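What follows is a pair of complexes built around chain A, which joins chain B in one and chain C in the other.
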Partner chain A sequence: MTRTRKPGVNRRATLAMMGAGAATLAMPWVARAQAKTIKVGMPTILSGRVAQLGTSSRNGVMIEVDKVNAAGGLAGRQIEMVIRDSKGQPQEAARVARELVNTDGCELLIDAEASSGAFAVHEVARDLGVLCIHTNSETSALTADPKQHIPNAFRTARQGVHDSIVGGSYAASISKAKGLKKWATCAPDYAYGRDTTGEFTTYLKRFAPDTEIISESWPKLFQADYTEVVTKILQAKPQALYSCLWGGDLTSYIDQANIYALFSQMEVFAVNMADYTALTVVKNLPKGIHSGNRYIKTYPATAENAAWGDAYKAKYNEYPTNWSWENATAIMLLAEASKKTNSADGKKLAEALRGLKIKSPFGADGTVTMRAEDQTLVGYAIGWGTTIPQEPYVPQVQAGDWKTIFELEAEWKKSKGYT
Partner chain B sequence: MDLDTLTGCLASSACLVTQTTSGFIIGMLLFLVAVGLTLIFGVLKVVNFSHGAFYMFGAYFAMTAYQLSGSFALAMLCGAAGTALLGLVFERVFMSRVYGADVLMQLLVCYAFVLIFDDVVRMIWGPEFKSMGMPSAFQVAPLFIAGGVVPPYYLLLIGVALSAAVILGLGLARTKVGKVIRAAAHNPGMVSALGINTGLIYGGVFALGGMLAGLAGALAAPVRSLTPGMGFSVLIESFIVTVIGGMGSILGALIGAILIGMIRSFGSLGFPLFTEGLMYLFMVIVLVSRPTGLFGKEVA
Partner chain C sequence: MTELQAERAAMVPRSQARPQRWRYLDVSIALAAFLVLAMLPMFIGSKALLDFVIRCSAFGLFATSLNLLVGFTGMVSFGHGMFFGLGAYSFGLIMQRTGVPVPVAFVATLVITTIVAAVIGAICVRLKEIYFAFVTLAFQMLIHSTILSWVSLTGGDQGLRGGIPRPAFFGIDLTNHVHLYITSCALLVTGLLLMRQIAQSPFGYTLRMIRDNANRASFVGIDVWRAKLTIFVLAALFASTGGVIMALFVSGAYPEFAYWTISGEGIFINMLGGVTTFLGPMVGTVLLLILNDTVTRMTEYYGIVLGIVILFFAIGLRKGLMDFAVEWYAQRRSGPAERG
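The block that comes next holds the complex of A and B.
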């Protein structure tokens, strides 16, 4: 933009120029849109207790970005990832996201934040209009609630309500077979724990109406000691326990519950157990904990999935996490959308992403779809099984049925007033 | 609020035994951390904000020693001895420089080391959480006492912590070294004038405090997940314990820790949604009625 006013330029043209200038300042990525490389910003959690998940998100993205770049990039432009630590704090995530776009000139955003941060980044995406893919937040409302809907935001993470439907129906079938009527729950006391537990018990009761919840525990997130929670559950004498504790909290809980022999006294359903971060850390993993699949290279039991898991392990010397595949999927979708449009422009990509179906190692039937109506991922592999203390950790996974998921999800949306 | 469960529990011996031991377990580990904190404050007049790091290092040292040697006893020893050494070095090299300084300066130095120590752990052991695993000797069925469930490992844990409390109490009250330490707390100038090396005492007390926190970390390692930053949550509760018990009082730390343990244990039955709040509420009540804490007057 030029700041000198030439004689003869009329008022209208001056205003137009000023408007363009203001827009350039407010949306610098527009001005830089023709740069050779395309910068993709990624706020994620690289320090603190869940840093491992942030690192695995970065790894998941990088393994796919390298492939895309080797194949020529996004419409001929090499991807340059700009990855910043949000420390897991929502306000920091929002600040970093804004800075990545406005200062660093990132044209796309991969939001690899947990739910707390994702909602903050979502508002930044709403404000700036930049294409943003949420890769880790599983809170259903992020895409299900029409108030949250913006055309430029997508989600490649699994969704809490999907997990709950599959988990509830799986748990109900075990419940009926084994006569488990009295249930206890134990979940971390924040949005994810509360919502997920609520949804799980709703579907458990729906599929097995004679079950009842006789005890609830809400330890705080990252609590060091769960002894009082363990003994409280023992006192209640339930036949089954549901927990959505995760990561180090879950492994702590297992170690502490183990010495009270809790696992021999009730069936345990821990949705987040079957993730390598937890499976490989617990030294004395009790046999027979029921878990949802997070990421496991043996489910779906396809050569593509096994190869992806092994390639990741070979590159980073550890197995992928749930966050790894969700982030990898974002890049896979972007690459396909860019192929279709032959463009790396956010708006065009967003258009192509809506309803896009791609081949994927993580798909229940070898494909995943970015559902057009609410711009969230469906068709990914989802199932439950029981764990054993060594590889393959979950030998038999009972697959969730997407037809049922869609039906109940539609019903759930209606009950929430979303549709 | 769920008072029925609470009264039901108080009426049942099985529940009473289980919940009381549960309270002791939480309390005794807290005590080991808090007593170091209170000791360091009592003698050095420094609030060691980085104390949680010693708990963390104790756990990591124990885990590494256990992985290398397979010996649980050696793991405990390494956890305690390693952090004692670390405490000594930390005090001599860094803390000793800020004794006369403003309280804010001391706080800043300590806080800096909270971050530095966390990063050191991250560099050495990695950012992911770890688990030491329960030694096979303790992988046995829990004991049933009057119908209540008590894991054998927790009996050991309570035993070790109680012995530490007794040895510490007697050591300070009855031995010559203990008298010198108490004297140094009371009037360091006079002790120094009598030809006693106060630097050595300060270093020793800091090492002792670090060792106790390290021991707590080592004892907790088989049942808690190990992560950089794990010391912080323990530190907050230890502060509550020392504030309730009275800064500088060992007996206060013991009683305060057990009280907090019991509040957590029985509170989770009666007030499942307000267990954390109960601790703070109790602290407020103590502070309002006795601003120096329950035993705050023991050390002037």
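The block that comes next holds the complex of A and C.
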């Protein structure tokens, strides 16, 4: 009996393919970086609805990495960024972070994840002991809660409670001047929206005790139609409106509220307005919206900041976002720490980072500080102003007072049982 | 006819001697697989490979348990991910809040899952096809929303923060990477073996009969509702175990674990691996994770690549990889004989 072969894949070919497959799989685990470069891993969100978070974080990092490399790198070692998409899933963020350290040989982590992803990467940093800088998560608990504290994790992002204190005191002063007693709030229905609104109203009432909240709206995150929210607010007839909607949600909200002439009927305080992602997208930016600064090249009104914003625009053909400066700051701090220690070793860098004060275009007084006690950034530019429909969009920004912030932050920490 | 007789009736096509032999074979395969996996860290020092196997254990248990519903019983659940999330959250919360030993928390998680699955199942399994799929999806969204809004318990959309404490028990220290790896492998192999036993038991054949013709099963005296509910709860238990492994791996639990995308991933794994063979979902898991890990390394346009692969399987192969392999093997076997 002769066995005739059917054309197609035979056993030998199958074995060969399996072998090749196994080899491909094993490759990354075998290859270990021996080079003189220092690899810095960066898990972030590069796909989906908030992909801009990842792309503008990456831009912010790269613009500074190029400068550091041109100047000789971290203690003589060129930085090689390994930036990977976590798709916004925390378990992916954890996996990617572990892979970056364990497989790709990254010695430092820049965690450019948002909300829950940042906490997932934080646990990886706790497990692996690798130096990790959180650059995008503004959740106060990440550094304020002593249970979260680990010596190798830092944050170069804003902190929610700082924004609330400054926003509350600014809103209260306007409130007193203009007699705004009845307030409404409108915020996206998730942790950030609820916490930020809660903290803002706490501080508003603290500075202006005669204000009251007469209406609250909680549209869903990424909601498309805000008609019901807008009409609800108009019916309540408040004198002022607070909102922490952001990005696309804020711009659709403003476009839709414009149809109802909402902005001529009350003072609007939108903390996330003064970011180019919102300012440049709104069709008819109303005059006089009060906003906190996210990133704007005219505040701090220094030559350094304007130059940084312009250089970024020249390179990437768009203005920086709030995420851009937060990520750039991480690299600036690392570079300074490595200069001080003449080393790129994670432990030594961490030691140097604690309490490190550097010159920065984003500092309220030209410097920012990595506070030693809770390893989070302080002294960054923080203030509020009102919008005009064209550049520079927010001409006058009233600076927040860091002395007040520190006092009230300490009080807030105590009330939360953190100290 | 009593249920017992019905079960016997379901066994008719097989000879009496075979089940025993099959069972021993399964157990020895499982033991061998476990030994190979457990020895792996001695030869390969790669932590990434261990991570990979741990994640395979979590998703493999989840996907295989989904196949008990989809492939064996014909119940396409779109909400199976809720039990994955429930397992992760229950385990994480028990460990964080009570500080009981790990095995106690694990058993308690299974008890909680049983109760929740029994309640949800009792409502869902009466429905058929698309209605069943949608009601399971609705329950999943309910659990997901509960996790999001019950901030004081679950931490809302930030997830369970501060890490899950993992005190050592019986000399096993789950904070140790290798210990966690071996525990995951043990859970995976035990889980697969148990599911295999369920699938090959008379009860498993009852499920196939329900899948093929529920009316007929009902007419021969099988309580279809009870059988469906039983497998719904059993499948939930294995999915929940997968969630526990994931919670241990990331040292936390996040609302995304209970989101519909996890269920979608489960369905996709089943499509990829094939639903007609027992190990199809396991193969699908390995494929999907390799695909995910390698593509994410190379590009951020992961979605496009995944979409093309789905199209290839859905339109090109029209079946899962294991289905394809089994058919191909059968053809090869029978081919020469036919010609000879």
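Just so we're on the same page, the second predicted complex is superposed on the first by the 384 of 419 C-alpha atoms of A that agree within 3 Å, B and C clash if a C-alpha of one lies under 4 Å from a C-alpha of the other, contacts with A are read in each partner's own complex, and residues count from 1 in each chain.
Criterion: a contact is a pair of C-beta atoms (placed from the backbone, for glycine too) under 8 Å apart; a residue touches a chain by one contact, two chains touch by 3 or more.
Here the structure is a predicted model, which is why all the values come from computation and not from measurement.
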Considering only touches as defined above, state whether A:190 meets chain B (first), chain C (second), both or neither.
second
Scan A:52 for contacts with chain B and chain C and give back first, second, both or neither.
first
Touching A:120, do we find chain B (first), chain C (second), both, or neither?
second
According to the stated criteria, A:231 is in contact with first (chain B), second (chain C), both, or neither; which is it?
first
Once chain A of both complexes is superposed, is A:78 in touch with chain B (first), chain C (second), both, or neither?
neither
Touching partner for A:173 - first (chain B), second (chain C), both, neither:
neither
Which partner does A:37 reach: the first (chain B), the second (chain C), both, or neither?
neither
With the touch criterion stated at the top, can you tell me which chain A residues are shared between the chain B interface and the chain C interface?
47
In the complex, the residues of chain A that touch chain B are 47-49, 51-52, 55, 216-218, 220, 222-225, 227-232, 234-235, 247-249, 251-252, 255-256, 258-261, 277, 281-284
Mind listing the chain B positions that touch chain A in their complex?
5, 9, 15, 18-19, 22-23, 25-26, 29, 122, 127-134, 138-139, 141-142, 149, 151-154, 220, 222-225, 227-230, 233-234, 264-265, 267-269, 272-273, 275-276
Within the complex, chain A is touched by chain C residues 44, 46-49, 51, 55, 148, 151, 156-159, 161-163, 175, 246, 249-252, 254-257, 261, 290, 293-294, 296-297, 300-303, 331-332, 335-336, 339-340
Contact residues on chain A for chain C in the complex?
1, 3-4, 6, 24-25, 28-30, 46-47, 54, 84-85, 87, 89-92, 94-96, 98-99, 102-103, 115-116, 119-120, 123-124, 126-127, 139, 141, 145, 147-148, 190-191, 194
